[in-house]
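Each structure below is given as structure tokens.
Both of the next two complexes hold chain A, though its partner changes from chain B to chain C.
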Partner chain A sequence: MNARIGQGFGAVGAPVVAVWRHGWAIYSVFAQVVWAIVTGAIRWREVVRQAYLIGNRSLFFITVTLGFLGLISVYQVASQIQRILPDFTMMGPAFIQLMWREFAPTITGLMVATRVGSGIAAEIGSMVVTEQVDALRMCNADPVRYLIVPRTVASAVMLVMLTIYAVFVATLAGMALADVVFNVDPSTFVSFRLVTTADVALGLAKALSYGFWIPIVAGQAGLSATGGSAGVGWATTRAVVSSSFAVILLDFIISGFGYVVLNL
Partner chain B sequence: MRSLVTRPLATVGQAWLALAATLGGATILLGRILRSLVPPRFDRDETWRQLYGVGVKSAGIVVVTALFVGAIMVIQSAFYVRRTGATSLLGYGVGFTVFAEIGPILIGLMFSGRVGANNTAELGTMVVTEQVDALRTLAIDPIRYLVVPRFIAMIVMMLMLMALGDVFAVIGATLTADALIGIDPQVLIDSLLESHLLDEYLLGLGKALCFGVSISVLSCWYGLGVRGGATGVGRAVNNSVVANAAAIFFIDFVMGWLFPVGL
Partner chain C sequence: MIEFIDIHKSFGPKHVLRGVSLTVDEGQVLYLIGSSGAGKSVLVKHLVGLLKPDSGRIILDGRDITWLREDEFYAVRKTCAMVFQNSTLFDSMSVLDNVALPYRKHHRLSRADASRRAREKLALVHMEHAARRFPGDLGDGLRKRVAIARALTLDPQFVIFDEPTTGLDPVAADNVDDLIRSLRNDTGVTSIVVSHDLRSIFSVADRIAMIYDGHIRLDGTPDDFRRSDDPVVQQFINGRPDGPMKI
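Right, the complex of A and B next:
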């Protein structure tokens, strides 16, 4: 009987403890990154290299995914509008506003979490299992400072850039579809009259915080890789799930904060 | 001068060749999977194990994701409700985005991250440690023993997790509407029921079915094609999740185009 109760507590407690440990490990990397940035220990040459790898190399991927998102959102919304009230003047402005507020930063963040997060975990994870990280430690080079800080700075900057690009791509795709399928004039569709500074600021704040957290979460997953190729695969999987979830959680926090406190 | 012309051309050409190789390889793999389903000859025990591994182990992350998706979509819709005062927008916004559009995309991306990446890593590790070759030596077809059980498990479980996720998304939406936004949950439920709920729900499930097919085939294809040790496994997982994400958005577009809801 006692063993049963013990098992029951174990079944509930084990995931809680696991999540707590995972969160604590991520927080510890976060603190180290913040400290490194505050004390100015940033290797700018590496930041530029990572910015190229994170930003420029994601352009095609972002173009494809956000392009399809723009096409289908406009198609779905326009077919509803066509049925109820055939007045398309508000569609474009509302679409662009919603892109800024929510979808461009969040979907771009998820794509970067998928592509860059798994890449960082795979790279750092294989450095760990081939003992390159231990070699760094032997040379008195802190792995967080040396590997994660440049990626964090680069990804925070590049995610803001990619978000702006994502709005551009989605708007272009939506405009083309509205023009071809629903005969909405591009000059009617592309209008920024609903977009306020607050919308743009909210979207860019989201992008900045996603960009900051993705390499931390993914890098921590990579650093905790153990054992050969199975360990690297497992670390990469964990990086994708954790960093995607981090994006969704941050989106909830920032959107909720924006709605309730700042009345955005 | 010559390199200025040829280098971009080479980049574009390589990208196309890689895309063609992936599409072709995945299609052939899908053909071989379907071939071994008629007549059904695959490993039953492994299928049960995969159904458990894929479904039960990723239920947690899908439930949590769905709760937040519902919450975020309520916040975004409430923004427009506050401006226009039309509460019917709430049901339209939440119902359409959660059930038909953003819900399937986000749950599909999470599923691809949790299950697809894991699957690529697992198969890739088996390839680099020569376990797949060992299976072939024992005259066991890796497609029937490894790939088909995963194919079945992912399709079945993606559908069931999508249905589960829809329930929790509505729970997340009502909780947020009540606690954060100050909208009566009854108003939300009423306006949800007025929207094209069944169409949206079925479209979401249809998308989930297609995501299950694409995630299983692509992740198995990348897993079986791993070359070169731990680095190769990491790179294969990376490629697999990228390809799956692109496939999810493409399928989402095609399905939305073919089956527009509310018409």
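Right, the complex of A and C next:
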């Protein structure tokens, strides 16, 4: 009987302990990154290189994804409007507001989490299993400062840039579809009358926080890789799942704070 | 002097080291041998803080370094360098930048000063001609030499070589053996060499320690090993496939 109770507690407790350890490991990397940034221990040359890899190399990906999102969203919304009240005046302004508030930062964040998060975890994970991270430690180069801090700074900056670009691409795609399919004049569609400073601030705050957390979560997954190529594979999978989850969670927290607490 | 005292280390359910005690004297070349997965690399990584023991102590020149923090280990790593099994050069950096990295990180030298000193170390291993090349352009033997140059940048008192001749052709392996010998003879460096290479072991070692089943099976001179009547030792040093060794 006691053995069964013990097994029951074990079955419940083991995942809780695993989640706690995982969370603590991510928090530990987060604290080191913040400390490095506060103390100015940033390799700016590497930040520029990473900004190019994270930002410029994602442009095509973001253009395609957000372009299609703009087309599909506007088509669906316009189809409903056409059936109920055939007045498209507010469609463009509401679409642009929604892009700023929600879709541009979050979809861009999820895209970067998959593309960049997996790359970071695979690169750092490979360095761990081939002992390059140990070699860095032997050279007095802290792996978090050396590998994760430049990626975090670059990703935070570039995700803000990519989000602004994403709004532009989605609006352009939506405007073109509205014009061609529903005969909505571009000057009617592209209107910022519903977009407030708070909407833009909320969207950019989300982008900044996603950009900050994705390399931390993915980098921690890479640093915890064990074994050989299979271990790197698992680390990469964990990085994509965890960083995508982080984006959704941060979206929930920041949106809740913005809409409920600040009443935006 | 280096002392490992009753070191235990497990990875999950696998108890790799089960109370290893070993002393390495100043200026000695100690070869650590044993089958793959016996825990040789695990043991030496404790010396430079890349792993922490579950229990036991590590004493370096009379100082207990077992539970130093990561930042405190940086001082230890200045005196105790390590050449890794896979060379572990950073592919995105030139050979010169790889060797200059410890100068820039440990001594905070400028890029120019670090590069100048790095060239001197590359000359020691006859690799100055490859300074501007990238590690990916070099063969295994040359990469190993660069890795040794990087390990020697801070003029360490102790050097750990983790399987330095594995995967090298006989000539490249002989070059590495010569380097280990000349380090001992010319600069008095104490070396711990993790190796399976029987030819190197018996031509370079001052002392050999064999790890088997989580313990030190035999610790002695090359002659002690040749004369040993322990069937496990004899099976290993003669490379016999059949015998009492658990694989």
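Things to note:
The rule we apply is simple: the second predicted complex is superposed on the first by the 264 of 264 C-alpha atoms of A that agree within 3 Å, B and C clash if a C-alpha of one lies under 4 Å from a C-alpha of the other, contacts with A are read in each partner's own complex, and residues count from 1 in each chain.
In this section, contacts are C-beta pairs under 8 Å (C-beta built on N, C-alpha and C of every residue); 3 or more make two chains touch, one makes a residue touch a chain.
Please read these numbers as outputs of a predicted model, since none were measured by experiment.
With both structures placed on the common chain, the touch criterion links A:A230 to chain B but leaves chain C unconnected.
Using the contact criterion defined above for the overlaid structures, shared-chain residue A:E102 touches chain B, although it does not reach chain C.
Contacts of A:L262 after superposition: neither chain B nor chain C is touched. Contacts of A:Q132 after superposition: chain C is touched, whereas chain B is not reached.
In the superposition on chain A, contact is made by A:L249 with chain B only, not with chain C.
In the superposed model, A:V48 makes contact with neither chain B nor chain C. Between chain B and chain C, B touches the greater number of residues of chain A.
Shared-chain residue A:A18: touches no atom of chain B or chain C. In the superposition on chain A, A:S79 makes contact with chain B only, while chain C stays out of contact range. Contacts of chain A with chain B, set against its contacts with chain C after fitting on chain A, overlap at residues 130. Of all residues in chain A, those touching chain C in their complex are 130-132, 134-135, 137-142. Interface of chain A with chain B (complex): residues 15, 60-61, 64-65, 68-69, 71-73, 75-76, 79-80, 83, 94, 98, 101-103, 106-107, 110-111, 114-115, 118-119, 121-123, 125-126, 129-130, 228-234, 236-237, 240-241, 244-245, 248-249, 251-252, 255-256, 259-260, 264. Chain C makes touch with chain A in their complex at residues 45, 48-50, 70, 73-74, 77-78, 81-82, 84-86, 88-90, 101-102, 105-106, 150-151. Chain B contributes residues 15, 60-61, 64-65, 68-69, 71-72, 75-76, 78-80, 92, 96, 100-102, 105-106, 109-110, 112-114, 117-118, 120-122, 124-125, 128-129, 176, 180-181, 229-235, 237-238, 241-242, 245-246, 249-250, 252-253, 256-257, 260-263 to its touches with chain A in the complex.
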